[in-house]
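What follows is a pair of complexes built around chain A, which joins chain B in one and chain C in the other.
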Partner chain A sequence: MAEKRRSGVSMAEPKSAKADSEEEFLSQLGVAALLRGSLLKLVEARPEDPIGFLADHFANLASGSEAADCGDGEPSRTVQDRLSQALWHLNLAHHSQRSAFNNNVRVAYELLMTGGQHLRPGGGVRGRIYTELLRSLCSEAGLSSSTSAPLLRRIQCQDHEAVPFELFRQGVLICTVFADYVRKSQSLYLAVSGGSELPAQRALCQAALGALRDALDTAQCADTARYLEASAKIAPCTLAQAMASAQSSYEAQAGTSMDPEEFEKEAAALFIARVQPVS
Partner chain B sequence: MNSDRFALTIDEYLAEKDVMFYLEDAITQLLEHKEEYVQFGVSRYLAEYFNSVRHGSHVLFREFGYIKATPHNRASFIRIFWKCYRQIGKNGVLLSALEYSSLLQLICPDFPVEVAQGAARMVLMDDALDCPMTFADFLHALQIQLYFEEFIESITVIYQDLLSGKSPNTVIVPTSTSMEQLPPLATSETAAQEGVDASAFQDAVEAACERYKHRHPPAPAIGEILQQDERVTLYGFLMALAKHEGISEEIGSLPSRANLLIDPEMDQELERLIAQISVSPTSSNSHTAAHRESGRKASPRKSLHHRKRIEMESDGSTEETDSSEN
Partner chain C sequence: MTDSAVACTVKSPVALQIGDVKSDTSRPGVYVIDVTFPQGQLVKIQDVSFKNYYTAFLTVRLQMKGSASQEGSVKWVTCLRNHRLMPNPHTEEGSQDYFSVYRHQMLLLPDNVTAARLILRQPSSSWLNFTLEEIKIHQCVNDDSEREVPVWFSELTPVDQVPDLQGLPDPQAVASSIQQMWALTEVMQTSQTAVPIGRFDVDGCYDVNLLSYT
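Now for the complex of A and B:
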């Protein structure tokens, strides 16, 4: 790729002397390595906006080296800076893109591990930073703090603890999956309420939540069989049956409704109940 | 881009947003302006370059070849032209094609006159080409002319063929003759029937879009326009493209027509300027109006340098205030 860079530049100038001095100029600056590194990152992350990614990437590099140039004795970047950089990395790839996502988690982990005044015994990210990161992940994904608070209570660490990589990765994964889950339950609510502005009928909501709970409860057998069985329980026809029978019983009751916040809370609770708390 | 971007090859992914083009241009610019940029460090320079690409300010004062090179560049240029000169629209001043061309050359030194003339031809329906035009009309025509330049060349050939009775299915590669060299379209046809059959034209246009794979307006919009009347003229069609709000929205550079002339910062600055001029001791009553006029006419240039400074110093922070207008 370095050859491509050089040939891309030198083709502009036919005079070899000028091309030579330009090549020398560029290699003095280390441009080839810089570009190679940025392209590798770009192609690995495959963000939707490659131009923006490159702008941020070079800005990160620039502020890193600029900070290194000015005096020592100061922490090279504030915790806040490193947090926002880590968040930026984590947002590059969706968690379903497993290998890209895992790479980004690794990068974020190392970002948050370095620096700081004293080395933690046994390494790892400080608990306070870890908790802060998880909280920011949830809020950046659009979750309200009331929705994410119960989850965070389960998985956050003590301020002074050192968080090892595997735990870090799990925590980040749980938060991103949770964010997706809440978004899906929000659209489920919209579907149940038929898209109108009125809140959905309580009985229908409860039927939907019940089906969801059933599906999530499937725990007995091996993984693949579990997924198949769970999907069967939440299949459109099953859900439709549950909702139809709820509908008929609803007619006997007064029209109570469930508002979106309550639905979201119930759905979230189903998820959180299955998250193992960090001891 | 969609989530299929992970299925693309590396080259395809990079080509979607012309990444290699921008990287190469960044390095070329760095070499051409070594003295200016080296003091910042390469990373900082590249960060600034890509940031300005992201915000669309990178095309200002660049050569026309660069502006034409990518769809993003073309769209950004239209947006810059709009931002620099929207005050003209506010004052209801009408300008001719050559005058607009001069304005264009202020922000792009080698902007070809033919492009501005092509846009004018659209607005004026190929007639009375010295006639002055409103800013809004010209701007929208310029947008289509620049953004879909290759498409327009193709369909002009198609139209000529249909007009002269040739079968539109013969494969004709448009030559590089610029539009003004094509014979005037006010032929003997106009006496009896104007233009060509709309559905035949539509079929031929859609076939061309398939075949040539150049950028073209969304097919539903084309269909919508061509289904309105039985017959269509070339410039009628092009002007309908220019006026189509949906197409303008797709390109994404300009706000809706209603919001085209809103520019609160400039309004404030002009009010300040006018206030200064009116209290100046050398102005008399009879000259006030003329001064106001020149105050307004001078402002695009003043705003240009003003904005150039703003954009280069504050990393595109003017973007934040503009976004509220969209």
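Now for the complex of A and C:
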């Protein structure tokens, strides 16, 4: 309603002053900054669907400004809205793009922290919202709930707890890294099965997972020594030898295979075992 | 590589002069610095390092414990005789340089040393004072060349020994996936900050003192 009235006013202005009023109009709205911000975000995120991305971006901005206009009192946006906005922000940058990812986490944190009048005493995101966010992150990344359940059990928070920023960032990072990890384990299974339709041999799978476990269990010493030792354990020649010996020793039991779900579960267990539970 | 400087007591220089030190107007030309090791420690000297201050010649005498057959015999031997520190005693060259005297430069191998005496000579009268500073004696450390090689080092497969690959999955592909999984786990582990959420914190209600009064 307000916009229609505003456009009516501008049309009533005399034509001779139209050029000036256009520039003033644009600078009044701060359109330059708006467009610049949206283009920067676009370049940072590099989505496959730029128009959809820009649409989402402006929709978020619109709902953000609506909340500001409504003033305090009842939360103008539901928790679900804020969650989906936060998820959209978190999906903009891959976790390997460290600074962009951290910025997005900060934005998402601040989005979820606005609880209207009822600010948490400790300061932070409500545990229920945090857990919901982690669960959505995992499911959006394509992980089944059975795969992500053990991880969530370790890092989720109680409904009433206040999650500080460091913990929030850590949880989000762990979920995104875990999603990548599971995808990698699926491609590992494909590699072990040799790309064939048949399920992979159990002995070979266990040799591969055993090598990974060995590398992860490398003794805690200076970083460089640890990396060298771990990389020696998962070098191609070492793996070739391990697989050759696994195959030869299990030749009598040829035929036992491991299906992809079991492989994924075992690989995920290796990762989850090293996640520190929240306390 | 890591020389260990032996803790030693360096006494202040003593002038060797004919006549009374205090009343004599001429400046001394010879100083003696005694260096002793604590608690009769026997030292195997790797090198003696110091900073020169206008000393022209240095003689090093070491008190060495005799061989085990002659128990309790200590003798003084000269290990370095008139070692020139300044090419020209009247000029500045070498006057404030850092020097190290190694065991292979010495006349006798300095093993089982109980004390050292540094005799400084400066024949030139142009300098008001001369001494040695920052005297450090380093002892031989154990030979590190046979440091243990890590176990995994000897288990590396030589590149030319390609194992029999029939029917096996491509090790490059398998290795690359495992390496990426390992790297992702490492990222996760290094990013863990152990920030507590305070789930198990109590607010003081369970202090032992309070409980005992209920």
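We adopt the following convention: the second predicted complex is superposed on the first by the 233 of 279 C-alpha atoms of A that agree within 3 Å, B and C clash if a C-alpha of one lies under 4 Å from a C-alpha of the other, contacts with A are read in each partner's own complex, and residues count from 1 in each chain.
The rule is short, and it goes like this: a residue touches a chain if its C-beta (ideal position, glycine included) is under 8 Å from a C-beta of that chain, and two chains touch if they have at least 3 such contacts.
Just so it is clear, the model here is predicted, and its values are computed rather than measured.
Legend: residue contacts after superposition of the two complexes on their common chain; A:Ala149 is shown touching neither chain B nor chain C. Judged by the touch definition given at the top, the superposed model places A:Ala141 against neither chain B nor chain C.
Residue contacts after overlaying the shared chain place A:Ser193 against chain C, while chain B stays out of touching range.
Using the contact criterion defined above for the overlaid structures, shared-chain residue A:Val79 touches neither chain B nor chain C, since it reaches no partner.
When the two structures are aligned on the shared chain, A:Ala59 is found in touch with chain B, with no touch to chain C. In the superposed model, A:Leu270 lies in contact with chain C only, and not with chain B. Between chain B and chain C, it is C that contacts the larger number of residues in chain A.
When the two complexes are overlaid on their common chain A, residue A:Val31 makes contact with chain B while staying clear of chain C.
In the superposition on chain A, A:Glu22 makes contact with chain B only, not with chain C.
Comparing the two complexes, no residue of chain A contacts chain B in one case and chain C in the other.
Partner chain C is touched in their complex by these residues of chain A: 95, 122, 157-158, 161-164, 166-167, 170, 173-174, 177-178, 180-181, 184-185, 187-188, 191-194, 200, 204, 208, 211-212, 215-216, 225, 229-241, 243-244, 247, 267, 270-271, 274-276, 278-279. Those residues of chain A that touch chain B in the complex are listed here as 5, 8-9, 12, 22, 25-26, 29-31, 34-35, 38-39, 42-43, 46, 48-52, 54-56, 58-59, 61-62, 65-66, 94, 97. Chain C meets chain A in the complex at residues 150, 152-153, 155-157, 159, 161-165, 167-175, 177-182, 184-185, 187-189, 191-200. Here chain B touches chain A in the complex through residues 1, 3, 5-6, 10, 13-14, 16-17, 19, 22-24, 27-28, 30-31, 34, 38, 41-44, 46-47, 50-51, 53-54, 72, going by the rule given at the top.
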